[in-house]
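Each in structure tokens, the structures are laid out below.
Shared between the two complexes below is chain A, which pairs with chain B and chain C, respectively.
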Partner chain A sequence: MKEGLRQSMAWVHTWSGLLVCWLLLLVFMGGTAAYYKHEITFWMKPELHQAADAPSRVTPAESATLAVRELQQRAPNANAWYLDLPHERNPLIYASWTNPPRKGMTREERRAAFRTQNFTLDPMTGEKTAAPRDTRGGEFLYRLHFDLYYMSAIWGRWIVGVASMCMLVAIVSGVITHKRIFKDFFTFRPKKGQRSWLDAHNASAVLALPFHLMITYTGIVTLMFMYMPAPTKALYGAEQNTMFSEVFPNAERVKPAKEFAPLADVAPMLVQAERAWGAAPSRVVVINPNDAHARIELHRPAGQQLSNIEPTMTFDGASGALLSGPKAMSASLDARAAIYGLHVAHFADPLLRALFFMCGLAGTAMVATGALLWGVKERQKYAKVLAKGGKVGFGVRLVDALNIGAIAGLPIAFAAYFWANRLLPVEMAARTNAEANVFFIAWGLAALLAQIRPTRAMWRVQLMLGAVLMAGIPVLNAITTDTHLGVPLFGGPGLRPVAAFDLVVLALGLLLGWAAWWLGRKANKQAAAGQPANRAQSAPLEAA
Partner chain B sequence: MTSITWRYRGGVAARTVAAIAGGYVLTSIASALVAIALPLPRADAVSIATLLSIVIYTCIILWVFATASALRAWIGVAASSAVLGAVLWLAGRMP
Partner chain C sequence: MSILILGGLALAFSGFAATSITMDRHYADIHGRGKEASRATRLRLRTLGWTGLALSFMACIGASGWHIGPVLWCGILSLAAWSVTLLLRYHPRKVMQGAWIGLPAALLTAALLLR
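What follows is the complex of A and B.
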């Protein structure tokens, strides 16, 4: 580290990147999928597809009235009602509620109860849809990318936070060490071994560099008050909750009056909000329904601002009077919310969302090519040993195996999760856990097999398996549901997410298949050139 | 492979600890100072200071690895922590 700035930054780049790259692959893949978590959830609940087929012809005010009527029958004494009304990314009416917690209920029990307290309405007919199968859908992938799994969310968040910080350090040091960042962007030297991997790493990193930097920084920002509590301590002492209530403008939690008062009609409120915003509210929250202290909160739909804190209008639930419009936020609070909003991208229209998705894939490619590059570089130190038929060191073997398990193994896990959604019995107990277990069993097996035999053949087998599983999903969907690829393509717009999902996994499957085929072709060429077979066996991606 | 000396390894380990642990302490002190110094309502000050802390931490980590020796890295992190910590302590005692 005496050599100078660029060399020392190259060292930092290599090691801070390598240490966390396999976890980052999981985070990047999960986060990229999470851009479409609503669509993934919809695909994973085929029972809802039929209801979404016809375009919604009821107005938002009528939708809300329908849902409120149903809630009055099912949960008149709830703490709060939550309604998601149909909009661009949601063809149906989703309603859920929370009951006053009974004494002695654990958090798990409350959660389990909440999972049963919901229903979905068909906006065409106002009828309840068929009960969907129990699945966490895209929410599992979204949570996975910062909470991890099989551990408490706090542990998961700290681990992902450390990895993200390493990523940020790796990105900045990577930029510093990069002498010709502009020129290298246009450089690709294919079929040149290490140089090709270097170019691929540079291209995927530099191409979407603003995105990578943004997504890593904003990712840490989403949980920054937990990661860096010192400023909060300095200004608020032990009163962390006061800080949260000041920085995150929540609606006041009014206590119920315990006195019955009929709930005012929500329809005129929705009309009033739509007139004010130029867009109908996408979410309605009713606090203390049927109580003298009832409050009705309308949320503006995302899409008009970067900030993820959407303006709300609050009405008195008993009198129907408008209590308050959107709370004004100071510039710095709004800036924080906008930085947070950039990460979750709720504002993105379909084209921008697709671009974010592609950038997420580029980020995955950046991490993957970086991890591969380390193996290819290290291997050169063993060139003489290998020529004599010797073996590479422990570190290279370990990294090769982890690379296979993460780069080729993770797509298998993702695909297995979707297969489990269709193939596990619908009435199965603890079905959501079973789906998640399938994800980790598939990944664990792939990673274990890779550790046992980290060879080029293992690369090909796992890439091919991932390809077949991914590309097979549209077929699986066609066999197990009525919404095969042809139906949404020519049917109503409500089913487009199903078709889009099928087409995206098909494309990912073809990409994996191409990678497997390409590796096979390389192996054949080397065999034809008379290279020793064991070299090709033990050198998975050398000169690839 | 054999060219890596124990002296070098020790230097890397010392820098790593200085960057991760020392850097975190220094970042905490510096961002707390920023929060106190900003002439803004405290919700704004805490937001800006915490947003900046991520940038501060990144810069400290990179500096620790870029500077000439592990000893310099440690002295730099420890001395600035001590000075800023003293300022923070004094600021805390002021009414």
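What follows is the complex of A and C.
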């Protein structure tokens, strides 16, 4: 080997990072937002805000009884009922059910039917809340970050999986190639061109390295049965579902007896579970309701362990007797559940969740600065050509344009998604698809304009547009709903997620605005210093 | 518990601050060009710095247990490291003064942990 390890790793780092960085920006932004997917969904369903305003004063047992009474009327013959009871991140009672599939129903039809089989109860009054508008809310952003969109989820997951592997390679090779990882640990030197971008890249990467390594690795593990099917195939052949039901607890389903038996009262079961766990169950699943083989599963709320598989207590739905406590899991399954749990962070309390969000933003910054750094470095090779009024090469132009489209364009798409939620007619058909389409139309336009004119002016226009759209969301919310920023800030705790959402997008908008202002100031300085470089080809981001 | 977490954050900040001000570049930023920390100062501050980080780990374990505590600690370390980095750039002397917050934080954390 002629070159040293460090130089060869620099090459690996550059290319494994650059090839996938724009997709990674989407994944990082979507995933970071997904830490607050419940809060985002709640913000996107303003019809529910009023019911959540007053704090819940009924006990979990009473909530469950209310919901079961309603379900008995609406879906007595369902396959299963699912209840989400009020807790810290959820002010309302959510109920949904699945019906036995009719013969010949496609997967899509079953999904569409399931989307209509739900209702929301106000825990204060036990009444149904106003029907919320049709939106996927934060779930869209969560799915987007590993399923992508406009393609089958399988394709999306393979593409994201390949990008994640590249990211893992980029992280490891980046650490090896970083010459002064300890000496430069706390170093940030602004206003020094390439040096500053490198410092920012290092600070966002190295100082949150445990998070970046963890989130990339655990992200790949969450889909390991898809990426590495060989072991399952070798042991189970085509019967992959057998593996799932053998390995995972609660995956096996009890067959109905087809014999009526009245459902036992759930309230005492909830009391018993609360006594055992010290916390009331957050989720109740009733399998085969009103059948002699009915089962009632109570799930412990997240927050006490890393694992994403919470212990459950199972009761016989006909007799009300406790059948089993938590099933013991094998050590390897426990390890996988903890790895999975680390990625989705359901255990995180508000402070820890905020830290995860902050690290997610740092990851976004790491990818963005890395992408910019390539452009800044590569452009130097064209210094002489540019001085003579020539043009940069195709590669630099392409990367500049993609950078604008992703770094400045994606915030526009996110903001447009939230604007669409408030502005599209509530009664519109296929409303969820329309919201998603707005996201991609906005992003597509931004990316296209960036390809046509990848200039500093384009950076400023798009950053400014993103800033106005983001920071305008609280205003939009105040105009289109009754829950303007003042109400949740001084009202009950149930509306705090709405206020927090408004404040976070406002802060992100201000950040984008600051970036646009900073670029403008630099352009003015350069103009004042008498460097009216060729506008179309002036270095979009090099420090003055 | 949130007091323990605050203690942990203060200790992490203080730990990083103590370690960073012995590093050549930052020492020169604070004390003037070309100045270097003496061996004894370096050893003393580094020991204190690592002790602070270790105590901050214990504070996180005390606050959130062995499952979630280490995760919390990682997040707190990142937050503290970014604060030190920015402060070193814009107000380097404040890092030296701010490092003292580790002393009361250490006492408070020890008291809460041994309680």
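The rule is simple: the second predicted complex is superposed on the first by the 529 of 544 C-alpha atoms of A that agree within 3 Å, B and C clash if a C-alpha of one lies under 4 Å from a C-alpha of the other, contacts with A are read in each partner's own complex, and residues count from 1 in each chain.
One rule holds for everything that comes next: a residue touches a chain if its C-beta (ideal position, glycine included) is under 8 Å from a C-beta of that chain, and two chains touch if they have at least 3 such contacts.
Note that the coordinates shown come from a computational prediction; the quantities given were computed from them, not determined experimentally.
J.: Answer with clash or fit: chain B and chain C placed together on chain A by superposition.
T.: Superposition check on chain A shows chain B and chain C fit without a clash.
J.: A:168 in the overlay: touching chain B, chain C, both, or neither? Say first, second, both or neither.
T.: first
J.: Touching A:221 in the superposition: chain B (first), chain C (second), both, neither?
T.: first
J.: So, A:234: does it touch chain B (first), chain C (second), both, or neither?
T.: In the superposition, A:234 touches chain B alone.
J.: In the superposed arrangement, which partner chain does A:210 touch: chain B (first), chain C (second), both, or neither?
T.: second
J.: Where does A:9 make contact in the superposed view: on chain B (first), on chain C (second), on both, or on neither?
T.: first
J.: When both complexes are superposed, which of chain B and chain C contacts more residues belonging to chain A?
T.: Of chain B and chain C, more residues of chain A lie in contact with B.
J.: Once chain A of both complexes is superposed, is A:330 in touch with chain B (first), chain C (second), both, or neither?
T.: A:330 sits against chain B, while chain C stays out of touch.
J.: Using the superposition on chain A described above, determine whether A:451 touches chain B (first), chain C (second), both, or neither.
T.: It touches nothing on chain B or chain C.
J.: Pick one for A:305: touches chain B only (first), chain C only (second), both, or neither.
T.: It touches chain C, and chain B stays clear.
J.: Mind working out whether A:359 is in touch with chain B, chain C, both or neither, as first, second, both or neither?
T.: It touches chain C, and chain B stays clear.
J.: Mind checking the angle chain B, chain A, chain C on Cα centres after superposing, to the nearest 10 degrees?
T.: 80
J.: Smallest separation in Å between any Cα of chain B and any Cα of chain C in the superposed model?
T.: Taking the overlay as described at the top, chain B lies 20 Å from chain C at its nearest C-alpha.
J.: Both chain B and chain C touch chain A; at which residues?
T.: In chain A, nothing is touched by chain B and also by chain C.
J.: Please output the residues of chain B touching chain A within their complex, sorted ascending.
T.: Touch list, chain B to chain A: 1, 11-12, 15, 27-29, 31-36, 40-51, 53-54, 57-58, 61-62, 65-66, 68-69, 88, 92.
J.: Tell me, which parts of chain A touch chain B in their complex?
T.: 1-2, 5, 8-9, 11-12, 165, 168-169, 172-173, 176, 217, 220-221, 224-225, 228, 230-236, 243, 246-247, 330-333, 335-336, 339, 381
J.: So in the complex, which bits of chain A are touching chain C?
T.: 183, 185-190, 203, 207-208, 210-211, 214, 304-306, 342, 347-348, 351-352, 355-356, 358-359, 362
J.: Within the complex, which stretch of chain C touches chain A?
T.: 2, 5, 16, 20, 23-26, 64-65, 67-68, 71-72, 74-79, 81-82, 84-86, 88-89
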